[in-house]
Every structure is written in C-alpha cells, then in structure tokens.
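Each of the two complexes below includes chain A, the first together with chain B, the second together with chain C.
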Partner chain A sequence: MRDLHANLKTRHALGPFEPRRANLGFVTVPAERLRGLLTELRDVHGFTHLVLLTAVDWMEDGLFQLTYLMNDRAGDRTLGVRVMLNRDEAVGEDMHDLWPTAATYQRELKEMFGIDFPGSPRVDEEFILEGWTDLPPYRRDFDSLAYSQQTYAERPGRVTHDPRAHMKSKLYPEG
Partner chain B sequence: MLSFQPDRSQYPQPGPDGRLEVDLETGKYLKLWQGPNHPGITGNMSVELTVCGDEVVEGKTHVGYLHRGFEKLMERRTFIQVFPIVCRVCVPEPDFNEYCYAAAVEELAGIEVPEMATWMRTLILEMGRFNSYMMFLGGISGSLGLGLVGQWMTYVRDLMLDRFEELTGARIYHMFILPGGVRGHLPEGFAARMEEVLQTAEKYLADVDRVMFSNSVFRLRTEGVGVIDPALFERFGVTGPNARAGGVVKDVRKDSPYLVYDQLDFIPASGKDSDIFTRVKVRRADIDNSIGLIRQILEKMPKSGPVMARLPNVLHWKIPRGETYIKGECSRGEYGYYMVTDGSGYPRRINVRGPSYTHAMALLEHLIPGTNISDVAALMVSLHTYPPEIER
Partner chain C sequence: MSLREVLTPFTAWKHVLDAPVTIPDPIGREAAERYRGFHQNDMETCIGCGTCEAICQNGAIDMVPVEGQVTEKGDSGLRPMIDYGRCCWCALCVDVCMTGSLTMSNEYTWVDTDPDAFRFIPGLEEPWKDKEAGYRREGGRELSGTKRSHMGELAPALRGDNFSEICAGFTREEAILEADRCVECGLCVATCPAHMSIPDYIAAVRDQDYDRGLQLLYETNPFSEVCGRICTHKCETSCAALHEGDPIAIRWLKRHIIDNVPMERRLELVGGAKPANGHRVAIVGAGPGGLTAAYDLAREGCAVTVFEALAAPGGMMRYGIPEYRLPYDALDRDVAVIQAMGVEIRCNMRVGRDIALDDLKRDHDAVILAIGLQMGRGTRIPGSEGPGVEKAVDLLRRITAGEDVPVPERVVVIGGGNVAFDIARSMARLQKATHGTVGVTLTALEDRAHFLADAEELIEGAEEGVEIIDKRGPQEVMRDASGAVTGLRSWAVTSIFDDQGRFAPAYDQADERVHEGAMVIEAIGQMADVSLLGAELTEALDWNRGRIAIDAGFRTSEPWLFAVGDAVKGPDVINAVADGHRVAQSVMERVSLQEGIS
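For the complex of A and B:
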C-alpha cells in the first residue's frame, strides 16, 4: 500500500498515507483530483470494487469528509479515499459513470447530509425520508431529540429516567 | 421467460435525464406496486413497476418504511451504549452487526480479544448464517408457490433459535458479541444439542432438495431467468453468493480471513450460470458449509478460557481519533462497518455497509426491465435482500 501511495502521491497531489492495517489505509485527495485518482485506482491498480461512499460531518471545521472506500479483491487491499468539502456549499462530483451504484449513495448523501451531486440520476428524488423539510438529518447540527420532542406527542403514562441515575438506583438500591 | 414477444419499439424511451418517458394517459402502461405489503417482497420495501402487458419496462426500489436513523442514534450514544442497538439493523442475521461494531471499536481502542471469544463469535456468526439461509429458502420457494418449504424451514430455524436462546438468552436480537469479547461460555451439553439440530436440519434439507431442486416447475421458472452478467459484478458492487453464482469465487472468510476462519476447512460454494436457480443452489451448498463449520468449531474450540478482555471504565470510555473499516462475509455478501472516532466518548460517524444496499437498489433496478411480472418476486428474493441494511 505504501508503494502504491508513493506511486500516486505526486501525480494526484495526495496527502500522507495513513495505514490502519496491512491491507487497509486512508489517504486524502484534493476534490479536483478525485476523478483522476479513482479512475486510475479502478482501471490500473485493481481497485474495481466501490465498497461504500459516505460522509463525515466535521461541523467544527466547517467541512464534510467524503470517504470512497475502494477494494482490490484480488490483492485483498482496501483504500479509503477522503475528500474534504466546504460545508456551506457542499457539492461533490458525480461518479455514477464509474460505478452505477454511486448514484444510490449520492442520492442518500443529498438527502441525509445536503451534499449535492449535480448530474447524478434521480439525486433529487426522495430516498428514505418522505416530505422532509427540516435540516438534512445526518448533519451534526440536526438535533434528533429536539425534533422528536417537537414533532411527536408525549405518550401518556410514559416515564423517562436519567439512565445513569436509574441504573444506580437499580444496582445499588440501598444507596 | 416471456411466452410472447412484445413490440418493444412501442416502449417508452429514456429522456435526456435518463428517466423513461412514460405517459400513463396512453393506456399502454400501468403502474404496479409490488410491496410493501405483498407476499412477493422481502421485508418492508416496495418495487414500483411500470408494466406494458405482462412485461416490466421499469422498476424502482422504494425504501424508508422502517427507517430508524440507526447511524444517527449511534452518534448520540457512548461506545458501550451502541452495542445493543446495532443488532437491530438486520433482523434475520443480526450478529454480523455486533461483530463488525465490536471489532471496529476494539481495533480503534487497541483491545485484544481472548481466543475463546473469537471462537464463540465465529460460532454465532455461522449459526446466524444458517438461520438467514433458512429464511431465504422459505422466501424463494414461497415466491414460486412452494409454501411447504417455507414451513419446514421455519421449523428448522426455530430449532436453531432454541440454541441461540440457550447460548445468549435471546432468540432474535442476541446482544452477545460486545466490544472486548462475548457475554458467556457454552452451556453444558450444548454441542450435543446442537448436533441434534444439525441432524434434523439435514433431514429436512434432503427433503427440500427433492421438493425444490427436482421440481420441474421450480426449474422452469428459475433456470436461465434473472441472469446477472458477471461483467456487471464490479460496477454494481455484487458480492457474496450472488457473485459466486456467476463464477466469481470470492468469499471474505477465505480471501481476507477474520476471527478463526483460517483454522477451518471449507470451500466456498460457487456456480457459473448466474441465474436464479444457481443463486439458490449456491446458497443451498453454503448451508452445508455452515453446518460443517459449526461442527468444526464445536470440535476445535478451546474448552475453557476467558471470553472478555478487560475494558476501561465504559461510562468514561474515550477512543482516540481514527477511522477503520471492518468487514465479513454474511449470508448475502460483504457486510462492513466504517467507523470514525474523534477522541471523544461517542462515535463521530458509523456507516453500515450492507450488501442489500447495492443488490436491491441499483442492481435490481437494472435487472428488472424486460422481465415478466410474475418473475419479479423470484428475481428479487434470489438476490437475498434485507431492506433495513439500506435504510439503517
């Protein structure tokens, strides 16, 4: 994996290689170099399997991290390619021409994180949510507890405990 | 297979955005919803079919009927609080979630799991695989009108659930594998009772072989139907038995061994025709593999030893910043957990990679056009999809 990184580093302006295990590592690439890198990994280096595409919200830094997890099945190598996007105008590049399944991931990311992928098929269609008008719910600033309290009525007779205090009272009733 | 050849020149053509231009007003087309309440659908999902006569011209998968926001819930819980949630991502084979989650936490936190626990985990995963296949055999036979097989398999699955209950205290959601190890040892006499279950299963499976695979109706409706071109496997993220049925003999248990699979003998089941029939045959052979693996595990595993590593105080457990991906071969293909930590006491992000995400969405939508309405159920079930993996 280190050899591969050394081979690709200059050509694709890669960040440092971060190994996790012998057959798993991560690397960051500038957004404008993403397509070139993914295409070369797929067509030249055997990383033909797009395992997943997902996002991580680094709200404090104003960034979204897209992670493209690529797998070389024959060589048993997995590489996580990270791209950082500006959180305020989060737009990723459509990759469905490389892997048709990317369209599903991109559609979900649009709905759950608000990251747009112009040109991706059906990217604006509802995926899981129906009639959703609030913040994209997987963003860190979407408060799921507050949303539930505002949206749903309290069930009569239901009691909520503080988990820590409740466990303490159950485990140590004598105090 | 179609019994007639329709005039496809009259079918809708895709517009510039890739969508079919279907004008229902013409009366040529009909929208037909298969699911979410339909015997020919697996779980809570639906397929929106556009049909012209008997032939389907477009299919769209709809999910969201049981979305609980699991991945968001996990971000709001401490690492130990997450483990009882993860199994609920997949009802028929929940243990893979427990294993992948626990292994991801252990790797990021630098925890070594006792050897005994790795054997127990492997046992649990194979028991779960066996049960998942019982549901699959019932589903595929039911989708083609063979209700009896489903009844048999439900009975056999129930016997295995008894063993789950004996071992873990629960039948469906076991919450047995947790970061650091597993919750307990094998009960006294467990291996003998498991052997009884396996022998009963083999008896019923022999009957299934006669009733299903020798049944001319079953063969007619599955051979040569729903063929996936192996050239599509990589583009559509096809893994597991769906890929092995097309000659791509890839199995994470062999190719990237985890737990104790490198100490067990088995040959991943495979085929070459890539049709519905072969996918069912491959899974049927995988059941035999699971039975053999359960026997091997019970024979080879240590008879005693610790099953839990020493954990830090789980109420104040912080894990250093990092990210990892843990994967395994579940009954449907590659199952994995991508986890990101930020040094706090909560996961920053967990993404569940279930094989159904690619199989039931892009792949199914690609395979459906051109099929007969009556074949859609078998096609879908043959991909062995579980919608909760898509919604998480």
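For the complex of A and C:
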C-alpha cells in the first residue's frame, strides 16, 4: 500500500498515507484530482469495487468529508479516498459513470447531508425520507431532539423531575 | 360499485365468535445476542443522575421518584421511565449511562392492551429484568471521558525548601477539557454545604464565559479564591463521574474561574451594596464564617464592623493553612471584595482585651461571634508541659506572622489530620531551608487507610521527606537531664475505639519505640477560647457539650448574640461560608423585626 501511495503521491497531489491495518489505509486528495485518482485506481491498480461512499460533517471546520472506500479484490486491500468539500456550497463530483451504484450513494448524501452531485441520476428525488422539510438530518446542526418534540405528540400525563431540584426538595427544602 | 363490493365486508361478521388467530408471541424467535431490545436498569447501581434523559434525542425518558429508592448523598432517588411510544432503541442512553446501570435485553416482543403500559420504569417487574443477553456498552464509559485533565504542580524537588504554591491551576485548554466531562446532573449540589451552582459554573467554563462563572460563584460563596484551592471538596465524592473514572475536578474549575477574572472586573460584576439601612452589626473574628456574614449583611445595607484579634483578616485561612496551599494574596483578593462592600475590618482588636463585648452589644443591633478554634489541644502525656513541646496551631500562626520559630534538625508531630500535615510539611520546609535536610516524623493513631488528612497530604508529605508512621500512640515526651526534649516514646496501637464506639485507644506495650526529636508538636485538635465572654455572659448563655448552644438560625440563647463557624459547628471553610449566610439571614430577620417595632 505504501508503494502504491508513493507511486501516486506526486501525480495526484495526495496527502500523507494513513495506514489502519496492513491491507487498509486512507488518503486525502484535492477535489479536482479525485476523478483522475479514482479512474487510475480502478483501471490500473485493481480497485474495481466501490465498497461505499459516505460523508462526515466537520461542522466546526466548515467542511464535509467524502470517503470513497475502494477495494482491490484480487490484492485483498482496501483504500479509503477522502475529499474535503466546502460545507456552505456542498457540491461533489458525480461518479456514477465510473460505478453505477455511486448514483444511489449520491442520492442518499443529497438527502441526508444536502451534498449535491449535479448530473447524478434521480439525485433530487426523495430517497427514504418522505416529505422532509427540515435541514438534512445528518447535518450536525440538525437538532434531533427539537425535531422530535415538534413532530411527535407527547403522551398525556408525562412528568419529569430535575435531579438537582428534586434533591433540594427532599434534602434541604429551606435553601 | 357493485352490490357484491358493498356486501363483502359484512361477510367478515361470520368469524366474530371464532377463536382469535392472533397470538401474543407470533414469532418466538430469540433475538441476536447483542440486540438492542427492551431496557433494563439495575436500581441499586443507578444514581438517578438523569444523563439518559438529557441525551435522549426522542424525549422519551422522564426521571421519576420510585418507591423504595431513597434520595441521599450522590443519589437523587429518581429513576428513568421510558415512553416506548417515542423510543427508537438507539441506545445512546445506555452508552452515556454514568454507572452502567442502564442496559438493554434482547427481548423485543411485548403485547399489552393498555397503551400506558408502554411507559415503564425498567428495573421493577418486567419479565426481561434479569435477562443476560442484550446490549451493554462495551468497556468503560467513553462519551463523557473518565480521566481527569492534567494540572501543573511544583515538583517535590522545587518546593521542599520554600512556601511557593504547589498547584498551578488549570490552563484554559485543561479547564475546557475537564469541564467537558461534566454531565451537569447536579448531584453534587446537595453535598456542597453552600449548595453552590456547580453544574452552571462548570458550563460557564465550557462556554468560556468567566463573567457569568464569577457571578454564579458569588451568589453562594465570597471565598472562591480560598475554596478553589483548599476546599474539602466533598462535592466531588457525590460526582456521577466517579462511578467509572475520576470525579470532575470541581474545586480546580472554581479556582480556574476566579483566576480568570481580574480584580476590577470582579467588583463590577459583584456590584455594590444596597443603600444604608441604619443597622449596625458587630462581628467578632475575621474568619470565613464571620466575613461571609459580614459580606451578606453589608450588601443588605448594614454597617458592619469586624473585630479581629490578629494582625490580618482570614482566621485559620491565613494563620492555619500554609502558604504553599493557599497563598496570602489569594486570600487578600477575597477579603478585598468583602471590604469593597463597605465592611470595616479592625485588626489587632482582641475583644475582651482591646474592646469589651458589652461595648459591642451597646453600640450594635446584633453581635456575631465567629471566633473559631484557636487553641490547640494538648495530649497531656508525661513531659508534654514545658519548652520544646508546641501546639500545631500556635506554630502555624507564628510562621504566618513571620516570627522566628525554633527549627531543630529533628521534629516529631503527633496527629494524622490536615493540621498535623500542615505543620509537618511547614517544618520540613523550614528544616530544608535551614539545615539542607528534612527530619520530621509524623505519628498518628490511625492506620494509613484511615488517616483523617486528605489522601494527597500523605502523598505530598512523603514526597517532601516527612516520615509518616501510622498506628502509634504517644506515651511520653522524653527529656534529658537539662529538661531539653529528646524525643517521643510511643506504643503500637491495637485499636482506637472500644466496643461502644467510644474513643479509647488500646496499645501493645511490648511494641515501644522512641522517635527522636528536639521538638514535639501536638496536632490532635483545637478548642475555642471563650474567655472573651466574661463570667456573667458565660453563665447566662446556654451551652451544648462545651460549645455555645445555637439554634438552626445560629442564634444563641441571648437575642442580640449570634454564633457561627468552627467554634459552634465546623468543620471546614465551606461549612463556615454556608453558615455565615444563614447567620446573616437570622440577623437580618432580627433587625427587620426591630425596625417593625420602632
């Protein structure tokens, strides 16, 4: 894997190699170099299988991280290719022409994170959320609790107690 | 629509008397070993901190009182009730649980005709209560962190011959990390005698809002410089975090807030006193109890004068606690805020010598005695009378006052409490500075595990070269022909208390040792010097086991006289602060009542 990284590093402006196991590692690539890297990995180095495409919301840094997990079945090795996107105008490059399944992941990322992939088939159609009107729910600024409280009715008769106030009432009511 | 379509639904009525085809458990298949099914809660391990409720993203959990669960130190007595109409079995509640009491069985079928049955308290009677299979968080608690943040300390080699402060206090980065570990359950608040708003001021550290933090501190405690350093911090023994890791460093976070607000800003934030109300209050003793009462009363608009026998205010905070634990300038900053409220502190004014208690009574609406425990108790063992035997509190006072104290090369300390360590470690520093070596032996009745001193005193004392010998009972101060002290003869302790739990040390006389030393220091307790009361008032007052008797409002049996602090209650600064507030309230009630009459 280190040999592969050394081989690709300069041509694709790769970041440092981050090994996890002997046959698993990660690398970050600038967004404009992504397509070239993925194509070479697929066509030249045996990484024919896109295992998954997923995202992480680095809200504090203003970035979304996409991870393309690529597998070389014959060589039994997996490489995670990361690309960082600007969170404010989150647009990723459509890769469905390389792997048709990418379209499904991209549609999911559009719905759950609001990351757009222009040109990806059906990317604007609802994926699993029906009639969703709020922030994309995997964005970290989506307030799950507030959404649940606004959306779902509370069963009548519920009452809760704050531990600190309850202890005061029981142990030192006079203050 | 045809007639057939209209009538077909009614054909179902022919089955109305058939046996139902639905059955309670249609599948009967065991779920996977780690399936996240219905909740379980070990009621004895649960402390009712409510962290499960706080993290639940569905608002499915209520904290409710449960019969048989008692509200006590470190346990709110509340237990989680879960609404399965809202739960999504994400298991965040299990992952965050501070004690590991909350788990999930792999049970996943439950049939009931009553919808309210699905709001339930796990840990009572549910059939899956004791089921082993299911989801438990693996390893330790991770979401809130188990390790206390680092804080800089002066290394033993750098502190052995000086009184420089040992603890550096948290940096901002360290403090934020530590504050981040707090789950804001508030179980600690009941344990703090002053009921400080601990979770709120920790949140202020996390938010980096030191102004808000300081205001929260001053709501309940005008001695945060002091308590941020030397509080007995019993709050930390009720911390939810201690069940699986280090308790939150509440004391150091308090200090961190006060370290980060400059003096001028403190005064702005605390604000001024109310307009003068014409009432005059005298306070005898400028320790934490007296000065807290002074602070409250001055803020209410009373003219408060504090009479202090010694040269500077602070009481035991200044003259008892060594400077390496509490630097004088830190104490001075707390006192300065109190003085800024208009409190007049008259030092070198010993009541009974420089001014009569009767004069105070005559010139004030109320008098508060806050005289502390200034006299050391003696062992009364043979040889303990005479030169070469000192009381710890006297020596500590003289060291603070800058007086020359004798520093022999070898010293023996009797006692295993914090005062014993304060004097042992102070003498060790003086020896190191004077002779270049440390020769302090500390002997205590207790075994190491039961020393009354804080655990860190034993560690730090040993680091500084103090020889700590446990389970020794003092028998005689040895003197040579000239009468000079040569050491302490002790016997091994076999037990400290008798069958009834009374203090009655028993010894193994065959195990006798002589601990060499030219000075023996007694640090076995203190008592109040009540001579200032005079014979008449002493006779008139009610007493309780040698202490002035007080009620819950710190009123003595004389309506004009109140008493607070170690002399009547104790045992530490934060209790004195809490009681200072209460006595101030009682005094305000009295003066308001007088106002109503006049």
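Everything below uses one rule, namely that the second predicted complex is superposed on the first by the 156 of 175 C-alpha atoms of A that agree within 3 Å, B and C clash if a C-alpha of one lies under 4 Å from a C-alpha of the other, contacts with A are read in each partner's own complex, and residues count from 1 in each chain.
Operating definition for what follows: a contact is a pair of C-beta atoms (placed from the backbone, for glycine too) under 8 Å apart; a residue touches a chain by one contact, two chains touch by 3 or more.
On a predicted model such as this, the values are computed, not experimentally measured, just so you know.
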Have a look at where A:P100 lands relative to chain B and chain C in the superposition and call it first, second, both or neither. first
What is the contact status of A:R11 with respect to chain B (first) and chain C (second): first, second, both, or neither? neither
Could you figure out whether chain B or chain C reaches more residues of chain A? B
Looking at A:I128, would you say it contacts chain B, chain C, both, or neither? Reply first, second, both or neither. first
Would you check which partner chain A:R164 touches, where first means chain B only, second means chain C only, and both and neither mean what they say? both
Given the touch rule stated above, what does A:T67 touch, chain B (first), chain C (second), both, or neither? first
After superposition on the shared chain, which partner residues are touched by A:S144: those of chain B (first), chain C (second), both, or neither? both
Contacts on chain A seen with chain B and repeated with chain C across the two complexes: 144-145, 164
Which residues of chain B touch chain A in the complex? 17-19, 63-64, 67, 69, 71-73, 75-76, 107, 234-237, 239, 250, 255-256, 315, 322-325, 327, 334, 336, 338, 340, 348-349, 351, 353, 357-358, 361-363, 366, 391
Within the complex, which stretch of chain C touches chain A? 48-50, 53, 56-59, 61-65, 71-72, 76-78, 83, 85-86, 115-116, 119, 185-187, 189-190, 195, 199
Going by the contact rule at the top, pick out the chain A residues touching chain C in the complex. 144-145, 148-149, 152, 154-155, 157-164, 166-168, 170-172, 175
Contact set on chain A toward chain B in their complex: 20-21, 23-24, 26, 48-52, 54-57, 67, 69, 73, 76, 78, 80, 99-101, 103-104, 121-122, 126-130, 137-138, 140, 142, 144-145, 164
